[in-house]
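For reference, chains read A, B, C, D, E and F in written order, and residue numbers begin at 1 within each chain.
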Amino acid sequence: MENPENYIPSLITATPQEGRELAIKLARKSIAAIQTDPEIRKKLRSDYANDTNQLIGSAQVVAIEFQTIAAANNYWR
Amino acid sequence: MENPENYIPSLITATPQEGRELAIKLARKSIAAIQTDPEIRKKLRSDYANDTNQLIGSAQVVAIEFQTIAAANNYWR
Amino acid sequence: MENPENYIPSLITATPQEGRELAIKLARKSIAAIQTDPEIRKKLRSDYANDTNQLIGSAQVVAIEFQTIAAANNYWR
Amino acid sequence: MENPENYIPSLITATPQEGRELAIKLARKSIAAIQTDPEIRKKLRSDYANDTNQLIGSAQVVAIEFQTIAAANNYWR
Amino acid sequence: MENPENYIPSLITATPQEGRELAIKLARKSIAAIQTDPEIRKKLRSDYANDTNQLIGSAQVVAIEFQTIAAANNYWR
Amino acid sequence: MENPENYIPSLITATPQEGRELAIKLARKSIAAIQTDPEIRKKLRSDYANDTNQLIGSAQVVAIEFQTIAAANNYWR
């Protein structure tokens, strides 16, 4: 289940927006590290993309990842 | 699924209230980055807006996002 | 859905108890920012006030908001 | 719904154990601030005390509250 | 419901591994502080030990407790 | 239930990617510390690997563990 791809060379981003997109990417990579089959992930998409409970749960993951990235970038002050 | 719009130029806000509104905006943008179809999002609204469990889950996302924004603004001390 | 009311002029409170009450207020304001109809919110109250699962979820929101407020007040040391 | 009782004069405790007990107390006070009727709370107890899902959710609240109290006490170093 | 036992004399541990085991212990002690009957807890074990949803919820509690302990130990740098 | 194996000699990693993989490892070790039977864990895998709700819950655990590891490594600045 090791994910050989280096998808996170750095936590440092130029802007908060890039930080936001990195947070969404990290959330997705966690799912991919657990469910490694891309075909299954594609089939599962409709399970959560139309389920508000799961969209809210996903937004929680993004919020936690973004909190880490924002601290890493000293909040782009 | 890339969201080209730059919806977060900065984490810095003039007041805690603006920080609060930014936190709510970020929570929503996470949902939009996952469910990119605005028509589907509009239809889904009634699923969570009248479900207290999901309203509470949403409030958790806002609380985490606000925690990040408050730290970014040094708590508007 | 913009909430014009400025319900959070500051994160600074005189005591931990006031900080606690601000945390509970912020949690509620998040719900109100999402479900803006006070009549619906009143009707929904019984859905969560007697559901321990949702009371626990609400307590999580208060705990996260209080964590932010306590840090803002340097833990009232 | 205002809880006039001052149940949290300070976040500072002599020991981690007292900090732990304060965290459990804060978690409970959140529930009491939302469901203010002690008779209803007593009746609801069996709903969560024998439900592992809700015991785990309660442990999450205690963990977040303890995180705040531990930081307030500089981890009792 | 007071838990007289002093199960957390200190947050300081010699190694991250000990910090990990303390985090798991704290998570369990929270459950024991809420459901104080050891016989009931033993009976409830099968409810969560074979339920992946609850195993994941438990792992969240451990992650939050470990976050506190790691900060207390300055990450064992 | 003591897990004698020392699976976390240090929180320090060379890169964010290694930090990410450590976070996933820690999340799994929490599950193993609670459900110690590897055969049962193997059987349970299909319960969560195809359930988006549980994949999202798992991603939350990884996000919290990674937050701790990133702080330990001073965000690999």
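By our rule, a residue touches a chain if its C-beta (ideal position, glycine included) is under 8 Å from a C-beta of that chain, and two chains touch if they have at least 3 such contacts.
Given the structure is predicted, the values throughout are model-derived calculations rather than measurements.
Novice: Smallest number of touch links from chain B to reach chain E?
Specialist: 3
Novice: Given the touch definition stated above, what is the smallest step count connecting chain A to chain D?
Specialist: Shortest path length, in steps: 3.
Novice: Farthest chain from chain D, going by the mean of C-alpha atoms per chain?
Specialist: With centres defined by C-alpha atoms, farthest from chain D sits A.
Novice: Express in whole angstrom the distance between the two chain centres, defined as the mean CA positions of chain C and chain D.
Specialist: The separation of the two C-alpha centroids amounts to 16 Å.
Novice: Suppose each chain is reduced to the average of its Cα coordinates; what separation in Å results between chain B and chain F?
Specialist: Taking the mean C-alpha position of each chain, the two centres sit 27 Å apart.
Novice: Could you say which residues in chain D touch two or more other chains, in rising order?
Specialist: 48, 53, 57-58, 60, 64, 67, 71 - these are the residues of chain D that touch more than one other chain.
Novice: Drawing the touching chains as a network, do you get a line, a ring, a star, a complete graph or other?
Specialist: Topology of the interface graph: a ring, with each chain touching two neighbours.
Novice: Following the ring of touching chains from chain A through chain F, in what sequence do all chains appear?
Specialist: If we begin at chain A and move toward chain F, the chains come in the order A, F, E, D, C, B.
Novice: Contact residues on chain E for chain D in the complex?
Specialist: 2-3, 6-12, 26-27, 29-31, 33-35, 40, 44, 47-48, 51, 53-54, 57-58, 60-61, 64-65, 67-68, 71-72
Novice: Could you please specify the touching residues of chain A with respect to chain B in the complex?
Specialist: On the chain A side, the touching residues are 15-17, 20-21, 24, 48-50, 52-53, 55-60, 62-64, 66-67, 70-71, 75-77.
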